[in-house]
Amino acid sequence: MDVGELMERSPFQRWLGVELTREGEGEVEVRLPYKDEFCGDDEGISIHGGVIASLADVASCFAAMSSVQEDLPTVDLRLDYLWRAAPGEDLIAVGRVTKAGGTIVYADVEVRTGSGRVVAVGRGTFLRAGPRP
Amino acid sequence: MDVGELMERSPFQRWLGVELTREGEGEVEVRLPYKDEFCGDDEGISIHGGVIASLADVASCFAAMSSVQEDLPTVDLRLDYLWRAAPGEDLIAVGRVTKAGGTIVYADVEVRTGSGRVVAVGRGTFLRAGPRP
Amino acid sequence: MDVGELMERSPFQRWLGVELTREGEGEVEVRLPYKDEFCGDDEGISIHGGVIASLADVASCFAAMSSVQEDLPTVDLRLDYLWRAAPGEDLIAVGRVTKAGGTIVYADVEVRTGSGRVVAVGRGTFLRAGPRP
Amino acid sequence: MDVGELMERSPFQRWLGVELTREGEGEVEVRLPYKDEFCGDDEGISIHGGVIASLADVASCFAAMSSVQEDLPTVDLRLDYLWRAAPGEDLIAVGRVTKAGGTIVYADVEVRTGSGRVVAVGRGTFLRAGPRP
């Protein structure tokens, strides 16, 4: 499974513009180049929480998929928004698998700005589709 | 505070195309007319989880803001994806405040398809910015 | 599967003193008679959050088990503490299945005091052990 | 604020038998010596999820309290159960503050067995009671 190619095969991910910048051993790094449509407000105060949630979903899900080499639906996703993400900067998300079980894969995600501030941390669970051992 | 007008004052919410269809007593209903960019995959199997998370964030946050008449940042958001949302249909999210405290507002959200299937349920907490009593 | 009998077959649940007061159609009600060891502080201000989490876990897990008639491990549990629960009163938790899938069962739980105040709401996911369809 | 002393001033924490084994810089380690009442089942298969949730609540909340030197109520708590915890071993939880904001403190927690297996990871948010800056 070519995870980078798979990331391209999604209209929403193409619209977001997510780029796989690193992959290996149940960990992926995804970059989201800034665009103005990501703003949550017309005053330019912060990037919308939905954009950050979308990026977190992509990074945690691709970390999970990378570890088991299967396409995986998200069971649940939880996000803590630590700081506002100011518009203008790219965002970088790192997803890491905590446990790749026979049925459930658990992954963590951290979203930071290009300048290194962690703006959100999250966790997701993902369901393996194939037959269980 | 005109909640419907506030929903328009956000580049990402305008891109999504969310529409406030009902508001009152700490409850709002938000409609998301379908567009192809929402797809999670090129095969047209399901709407991207990030789109559903974005809609859930908007509906729960606007329910919270509607109840206290203040702009509120999201502290955390949690989502359970119950069923795949098939592309083609509009999505409808209902946000409801569970508790509007002096500092934290708690809200629930349910996302369903136009034909009535609940595809996700979620919960968020939102932080009041003003001075606490 | 006799869910009430199963609730008794657990040292921790016996220590808590949880009682199944209602069961049916993916919904259970569990009562927790008050005892002083549940207090979170020596001043008698509130019941410990861990006691409420334990009760929430029991009620949501038994709702899930009741719906599929299988013993189910908890995948994850999330809890919002809405109000302090004052010592002295029994607590009542109602667990309700949101979706009983072939692999994952989702359940909601609400914890209230004997006098009807909702002190916490929660959600859990539970994993089916048997072969998937 | 003497965090170790504060841990003793709670009937439920005394019943659990939690011991503060390390504290400093928004991080605490809490040990839970094993007792038979912690079992989730009469067959001795695993420690009850409620016991693990209680320990996780204590460790994350004390990490938060340690960082801001205030008593803090829990806003919400989320837990992922990665592996069964076999009865017989002590449990160790490490709570770490992710962000100590003016109003909300975020903390992570990891629960492992004495032999080092991580059985659960969790996250909580805690509310500061004093006046905000």
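A, B, C and D label the chains in the order they appear, each numbered from 1.
As a convention for this text, a residue touches a chain if its C-beta (ideal position, glycine included) is under 8 Å from a C-beta of that chain, and two chains touch if they have at least 3 such contacts.
Given the structure is predicted, the values throughout are model-derived calculations rather than measurements.
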Interface copy of A-C among B-D, B-C or A-B, judged by whether over half of the contact pairs recur: B-D
Winner on C-beta contact pairs when C-D is weighed against A-D: C-D
Centre-to-centre distance between chain D and chain A (centres being mean Cα positions), rounded to whole Å: 28
Rounded Å distance, chain B centre to chain D centre (Cα mean): 32
Distance between chain centroids, defined by C-alpha means - chain C, chain D (Å): 19
Residue list for chain C, restricted to those that touch at least two other chains: 75-76, 78, 80, 125
Residues of chain B that touch chain C when the two form their complex: 78, 80, 82-83, 98-99, 106, 108, 118, 121, 123, 125
Partner chain D, residues of chain C touching it in the complex: 9-16, 36-42, 47-51, 53-55, 57-58, 61, 73-81, 84
Residues of chain B touching chain D in the complex: 75-76, 78, 103-104, 125, 127, 131-132
